[in-house]
Structures are given as structure tokens and as C-alpha cells.
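Note that chain A is present in both complexes that follow, paired respectively with chain B and with chain C.
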Partner chain A sequence: MILPPGLSHAFRAAAGELGYAAAAWIFARDVHAEAGDAGVGALRDQLGREYPVLDAVCVSWLAGIRAPVRESAACIAALAGCRRLTIVGLESDALDALLPAMSGLDAAILTYAPLPADWDRVLANFDGALSAIDLDAVLARAGSDSALLCFVYGGDDGLFAPPAWLRLDGPDVRAAFRARIAWNVLPTPFAVYPRWLAEVVPTSFTTVVA
Partner chain B sequence: MQHTRPHLPASALAAIIDAAQLSELLRPWLPDAGERAFVVRIISEEGPTHHRCASYALLRLLATIAARTGALPPTSQGLPVAMRLPPHLAGGSPPTFPLALDPEALAAVSGGEAAQSAALADALCDGPAHHVLANVAMANLAAGILRALERR
Partner chain C sequence: MSAALLVAVLLAALLAQAVWPQARLLILTLGAAVSGLLATLTGTSGMQQLLAGVPWGVLVMVVALGLLAEMLAMSRLFGVLAGLAVRATGADPRLLLIACAGGMFLVSGLVNNLTALVLVLPPVMVVLQLIGADRRYASWMLGLMIVACNLGGASTPIGDFPAILLLGSGVISFGDYLVAAMPVCAVAMAAIIVTTALWIRPWRGTEGSAIATRIAISTMDGMYRRVHVDWKVLAPAALMLAGMIVAWAVVPGISGVTSELICWLGVIAALIGRARIGERLLRTRVDVEAVLFLLALFIMVGAVRATGAFEHLAGWLAALPLAADLKLALLTVVAGLATGVFSAGPSMAALLEVAPALSGQLPATAIYVGLAMGVCAGSSLLLTAATSGPLAQSMVDRAGLVDAQGRQIRFGFTEYLPIGLMGSAIILAVGVGAVLVLAEVAPRLGLP
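Coming up: the complex of A and B.
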């Protein structure tokens, strides 16, 4: 089965503005609706090596999992005492679960990302609950009531984060934020090389939630 | 040339640090568990291993003395300890660490002379965060011990 050639570009645009995992679940669902398991298999085969999160989501889909598990309670608990949150990586459905439950939280997302995005359009999805910052402004949000949240992926064989996290894993930033939380939105192992992501150790974070 | 003993492995030093003990000795200044965990993490996990271990040893030593003398809590509000931000973010009111510096620790050295106290505070609160917070925690413990001794 050959999927439409524009699908790769479409996924790239969607992943840039929704997040790798959020876009992958939509694509798996829609391709499955049109072409069944064979279509999801073809999606994995043709785009999986380029987009490893999409590959992992397709594996989950073919194993019968039809939606991500989004349990925000552990993340909310890890944010206790925090009034300011800086987010690394974008996963829109996770943020949809988190931000409405954290009223009064000053949340900003780092726009330093490997995929292009129209950030005005991204932020409009959150109805004022999220603002955007660049890398050089992260430390302006430091404080003992400030936290960093990074979306990560991966199973027991490794944890993978957006490359931006590596820019925030120095002693200057580590000592300026009360908590450094990883939210694993796809806790399954990668079957392909996790391109566009950087392997990180769990100790890079104060808390890892899934 | 004089030979020195080989250094112990870094892991041998790191293994000594008991974060729960650090947390307990900081409790009088940081009753909030989240704030305490933040400060403990910086002192025990940031900076060179030998420095983390040395800070731990000195803090435990002071805490032991404080326990034996019945160290008294501070009587005045602490001086805020600012986070050091890069130059392009300097200005305004910088964020502060949750641990404040006991001014009586400064007065014990300066005799209450303001310029000397300011210089001491500047020195104690400058440098890497792990250094700063270990300095402040030690100064606070020492101030509490002095108060207890003066009451005798």
C-alpha cells in the first residue's frame, strides 16, 4: 500500500503544532479509518523511520491501543507549590489535560524546537493559558516557585527528550528551578532510531511521571 | 617531589551524603517540604563531588553541635539570597532561593558594623548556587548555636 506522498509534510506540520505524539495518534486514527490496520502498517513503514514517535504510536495502535493514556494527576502533584511553569516540548493533548486543572499557573512554552510551527496558532489553542518564550528568556522565569516540565518518550531501554532539554541541563538552570519534571507521554520502547530526540537519564529530572 | 595518597573514587564520597539528614537539619529554616527538597538537591547534587561531601560533613557537624547546645531559632527575618541570573537578565528584583541568611551570623563577625556585614553577606551569597546555599545553611546553624551559648 502506498500512502499519499504529501502525508509526510502533513505530519511534519501537525507534529510541529500539536506535538509528535498528539499528531501521531490523530494520524493513526484517521489512516486506520480509511485503510484499516494495513494502512497503519504502511504509515509506520513509510514514515516511521523519519518520525520515531509516530512509529511507536503505530506499534501501539496495531497492538490494539486506540488512544494515549493521559493521566495528569501525577504531574499536577509534582507541581505542588509551583506558580510558574516553563514547558519544553509540545504535546497538546497533555497540555489540554494539565493547564485547565492549574488555574493561576503562569505557563510558558519554549519555542526552540526542531520542527517549524506557527506559534500564534499554537498558543491560540490554549485560550490565554499559555505564552511563548525563547531560550534566552528561560532564566528570567527562575525562582523557588518555578518548575520546568519536559515531555519525554521511551520505555525501559531509554528516555528521550526534545533537544532543547539538553540546553537546560546545566548547573545554571538546574539550581534556578524548584522542580524539573519529565512527563513521559509515550512510555513504550522505540523500534527505530529515535531521530530528532536526545537520550537523557532519569536523574536529569527531579520527578519522572507517566 | 612529595607523593600524595591517591584519591578515593568519587562514588565513595557521594555515597556518604544522606539527603534525608540534610533535609532534617534544614527543617527549622525551611518548613515547606518542596522548598527544603529544592535546597537539599542543590547542596547535595550540584557542584564537584568533593565539595558536596565537604558541605555535607560541615553541615552535619554544625547540626550535631546545634543539637547539643539546643540552638535557638532566628529572632529576625533573614536576608534574601538572590539567584544569579545571566547579565542580559540582570536588573529589577531577581528571584531568591527559599533559604534566607540569618543576619545575626553576620553581626557576630562584623560586630554590627554595616559595611562589614554587607561585605560578608556579599561573599557568603556569591558563587555557584551549591556553594551559596551551603554557606548560608552553615551561617544559620552557627548563628543558632551562638544564640544558645549566649543564653547560658
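Coming up: the complex of A and C.
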């Protein structure tokens, strides 16, 4: 089965503003609606190598999982006592679940990302609950009531984070925040090399939630 | 001698800014300074007289309407509408093209062309990417939006510089212009869309697959899932805009309450409606580029006016052995050609000095709507003729659009040319036809 040739660039546009996993679930769902499991298989064959998160989501879909299993409660618990949150990586579904449950939280997202996005539009979806910051402003948000949250992906064979996390994973930053939380939004092993992401060790974080 | 020198400076500056748009402001401000110096040294005029002759009302309106457009943009109204358009058209390339062109026409009537493009183009480019548009479709989509932008801007007296110039200079009232120009522009827009749909059919290479269409809609839904119109910003802006339109239409000119005063009061009232945002907009978003551009232009045109060159040109036009309506048709065509070379603002500013030559022979409505349509046709002729063209080009470059095969989608002078030629020819044909009709029927409709 041959899928429309423009899907690769469409995925890039979607992942830039929704997040890799959120966009991948949309693509898997819509391709399945039009072309069934064969279409999802073709999606994996055509785009999987280029977008490993999409590949992993397609594998999950073909294994019968039709939606992300996302528990925000563990992340909310890990953020107890925090008044300021700096977010690395974008996953719109997860943030849609998290931010409304954390009223009063000063949340900001790092706009340093490998895929292009219209950040004004991204932020407009959070009704003022999220602002944007650059790398150089992260340390200004440090403090005893301040946390870092990073979206990660991967199973037991390795944990992968957006490259921006590597810019923050130094001893100067580690000591400056109350907590460094990883939220694994796709706890599935990658079958292909996780391009666009960087391998991190779980000890980079004070807490890993899934 | 002084006339030749000052005309040469004006023409050289206009040509140079058209050739090197990246240095537009430097060239025009230098041209204005040189014009001032030459006029002073030759005794033609002085800097005080040239500055006193600047139509400051036009500059007030440009600044005020620009700020109002910023407020409308901040309300996110246009992004929400773009999302709705994708859903309503089912991301069908045919319907999308028509909806985008029509939508741009309407938006441009309310806000200036640059703001309209900045508001509407980003979501459209996302959709082009999502549906896997090919180069031809993308070029026609973007090109038609620029033409629609120009036509929408000409359809109301507040849509773009040339129209604001007409309103601000007091040669035609808000209501008279709107009643006469809006239908003409709408007919031209419809003719362009129909011609594109029946003859060009640019979507032939972008027949959307069911999968691509479904994904495009889902992704746009996701991108705009909770983007709401900010009514607290939109309400004062929309209310004041409506109030201004009513005031422009009903307040008589003889009252002394001029168009720019209505505009100034209305926009300040809208900004006070959201005081914190209003103060920030006033401090940071005044369109200094537009103000300097027009100020320099007015000084150069003023210097040439002081030599009597425009009166001479107007006298030549009036003395042509042609019927009055044919002279107007000629002026419309000349306006189109001049705008294609010099761009809209300069052409309108210069031809406004010449157009009164016909005012004794023809209704003012026909003259100024003809002039506006000619300028609009010229603006649409080449990508470089209107400021919206280079802006669209740079936005497309920055967006890194690619076609389904992964090739970069370019949108430049050559890609735009066929669209510009077609659009410009249709606008000019409709414009010339309209002024010939208006010359006959305007008095019967009670138009001046």
C-alpha cells in the first residue's frame, strides 16, 4: 500500500506543534480509519525510520493499543509543593491533562526545539497557563519551589529525551531546582534508531513517571 | 529647470526603491531630503512649506488603523476563522482555494494588507503542508491571496494606503467610496476566482487523498483545539471600528470633524478599552516604517507640486482630444502601469494631484474609484509592486514549505507572474468598465 507522499512533511508540521507522540497517535488513528491495519503498517514502513516515535506508536497500534495510556496523577504528585515549572519538550495531550489540574502553577515551556512551531499558536491553546522561555532564561526560574519537567520516550532498553534536555543536564542546573521530573509518555521500546532524540540515563532525573 | 530636477529626484527615488526594496526607507528619506534642499536652493519652495503641505491626517489614519489591526490580531479572531475554514471545506484543495481568497478579500477590507497577510498566511501554509500541495497549487494559492489582499484593501476606504490616502485627503467621503468601490472590487474578485476555477484549475496536481484530508483536519483541530477568540480584546476593537464606520458615513464633512479625527478618537477609545494592552501597543507597535515612507513621499511630491509640474500634466490630460470618460479610462490604465513600476503609495500620491483635472467633466466617485482600481491592478501586477508581495515571499521562504516529493516550494517573482498578469488584467478590465458605468449612473444614484 502506498500512502500519500506528503505525509512526512505533514507529520513534521504536526509534531512541531503537538509533540511527537500526540501527532503520531493522530496519524495512526486517521490512517487506520481510512486504510485499516494495512495502512498503519504502511505508515510505519514509510515514515517509521524518519520518525521513531511514530514507528513506536504504529507498533503499539498494531498490537491493539488504540490510545495513549496517560496518567497525569503521578506527575501531579511529583510536582507537589512546586510553584514554578519549566517544561522541556512538547506533548500537547499530556500538558492538556496536567496544567488545568495545577492551578496557580507558573509554567513555562522551553522553545528550543528541533522542529519548527508557531509558539504563539501553541501557547494560545493553554489559555494563559503556559508561557514560553529561551534557554538563557531557565536558570532565572531556579529555586527551592521550582522544578524541571522533561517529556521522555522509551522502554527498558533506554530512555530518550529531546536534545534540549542535554543543555540543562549539568551540575549547575541540577543543584538549582527542587526536582527534575521525567514524564515517559511512550513507555515502549524503539525498534529503530531514535532520531531527533538523545539517550539519557534515569539518574538525570529525581523522578521518572509513566 | 527646478521642475526637471525635482521630477528627476522623485522618479529616481521611486525607481531605486522599487529595484532595491531592502533599502526602501533609506532611499526615500534621502530623496525627500534632497528634494527639500533643491526646492530651497532653487527658490521653488522651502522646508517649512513642504512640511506644512504634508497631509498629516493620512499619517494619523495609517498609524491609528495599524494599531487597531494589531488589536484585532491579538484577539486571535483570524486564526480561529482559518481553523473553521479548513473544517468547513473539508480541506478540499478546490474549496480551500476559494475560501482562502474570499477570506483574504474580507479581512483585507478591515485591516491593512500586511497585517492581513501576517494573520492569515501562517495557518494556510500549515494546511498546504498537511495536504501535500504541489508547487503549482501552492503558487496559485499564495498568489491569489495577494491579489485578494489588494482587492480587499481597495474595497473599503480603510483597507490600504491608497484608499486611506483618498479618504484622508478628503476628495471622497467614506460612504460614497464604499458604495461605489465595494461592488466593483467584489465583481473583480469573483471574476478572478471563476477564471481560476474554470480555466487554470491549479488543484489538478493536488487531488487530496482521503487520508491526507483526514489528517489535515485532525491536525488543524489539534493546533487550534483551545484557541479561542479573546472577546475582551475583540469587543472594544470591533465596537470602535463599527462606531468609526458609522461616524465616517453620517458625520458631514462641513462639521469640521474630519475622517482622521474620527479615526484618532475611535482607536484611542478602543485602546483604552484594554488599557494595558493599549499602552503597550502604542509604545511598541506604531508602524514607523509606513509613516516614514509616506512622509518622505509627500515631501517629494510636494516639492514637485510646487513647481507646477502636476498642474501642467493635469492640463495636458484635460486637453486631450478624447471624451471625458475615455480620459478617465486612460488615467485608470496609467495608474495601473505606474503602480506596477513605482508601487501603490507613490502612484496614488502623484496621480491624486492630476485627477482633479477631470473633476469638472465627470462625477468624483467615478474618478477616484477608477484611480483606486487602476492602482489596485498595478499592485497586483508584479510581486514587487505591493509591499504584501515581498512579505509573502519571505514568509514562504522562512516556513520552508516543501511539496509531496520533498522539493522546496519557491514563491518568487516568476512563480507569481502568471497570477499577477491574470489578476491585474481582470481588475483593470473590471475597473475601466466600472468607471465608464459610474460616469453615467453616479448622478442618478445620488453619488457626487
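Note that in this section the second predicted complex is superposed on the first by the 210 of 210 C-alpha atoms of A that agree within 3 Å, B and C clash if a C-alpha of one lies under 4 Å from a C-alpha of the other, contacts with A are read in each partner's own complex, and residues count from 1 in each chain.
To be clear about the criterion, contacts are C-beta pairs under 8 Å (C-beta built on N, C-alpha and C of every residue); 3 or more make two chains touch, one makes a residue touch a chain.
The model shown is predicted, which means the values in this text are computed figures rather than measured ones.
Using the contact criterion defined above for the overlaid structures, shared-chain residue A:H9 touches chain C, although it does not reach chain B. In the superposed model, A:S144 makes contact with chain B only, not with chain C. In the superposition on chain A, A:S131 makes contact with neither chain B nor chain C.
Of the two partner chains, chain B is the only one that A:P171 touches; chain C does not reach it. Contacts of A:A179 after superposition on the shared chain: chain B is touched, whereas chain C is not. Annotation for chain A, partner touching more residues between chain B and chain C: C.
Of all residues in chain B, only 32, 34-35, 37-38, 41-42, 46-47, 83, 85-86, 88-89, 95-98, 128-130 touch chain A in the complex they form. Residues of chain C touching chain A in their complex: 76, 79, 122, 126, 129-133, 209-212, 214-216, 218-219, 222-228, 399-400, 402-406.
Every residue of chain A that touches chain C in the complex is listed here, in rising order: 3-10, 12-14, 17-18, 22-23, 26-27, 29-31, 33-35, 39, 92, 96, 116, 118, 121, 124-127. On the side of chain A, the complex with chain B involves touching residues 80-81, 136-137, 139-140, 142-144, 146, 171-172, 174-176, 178-179, 206.
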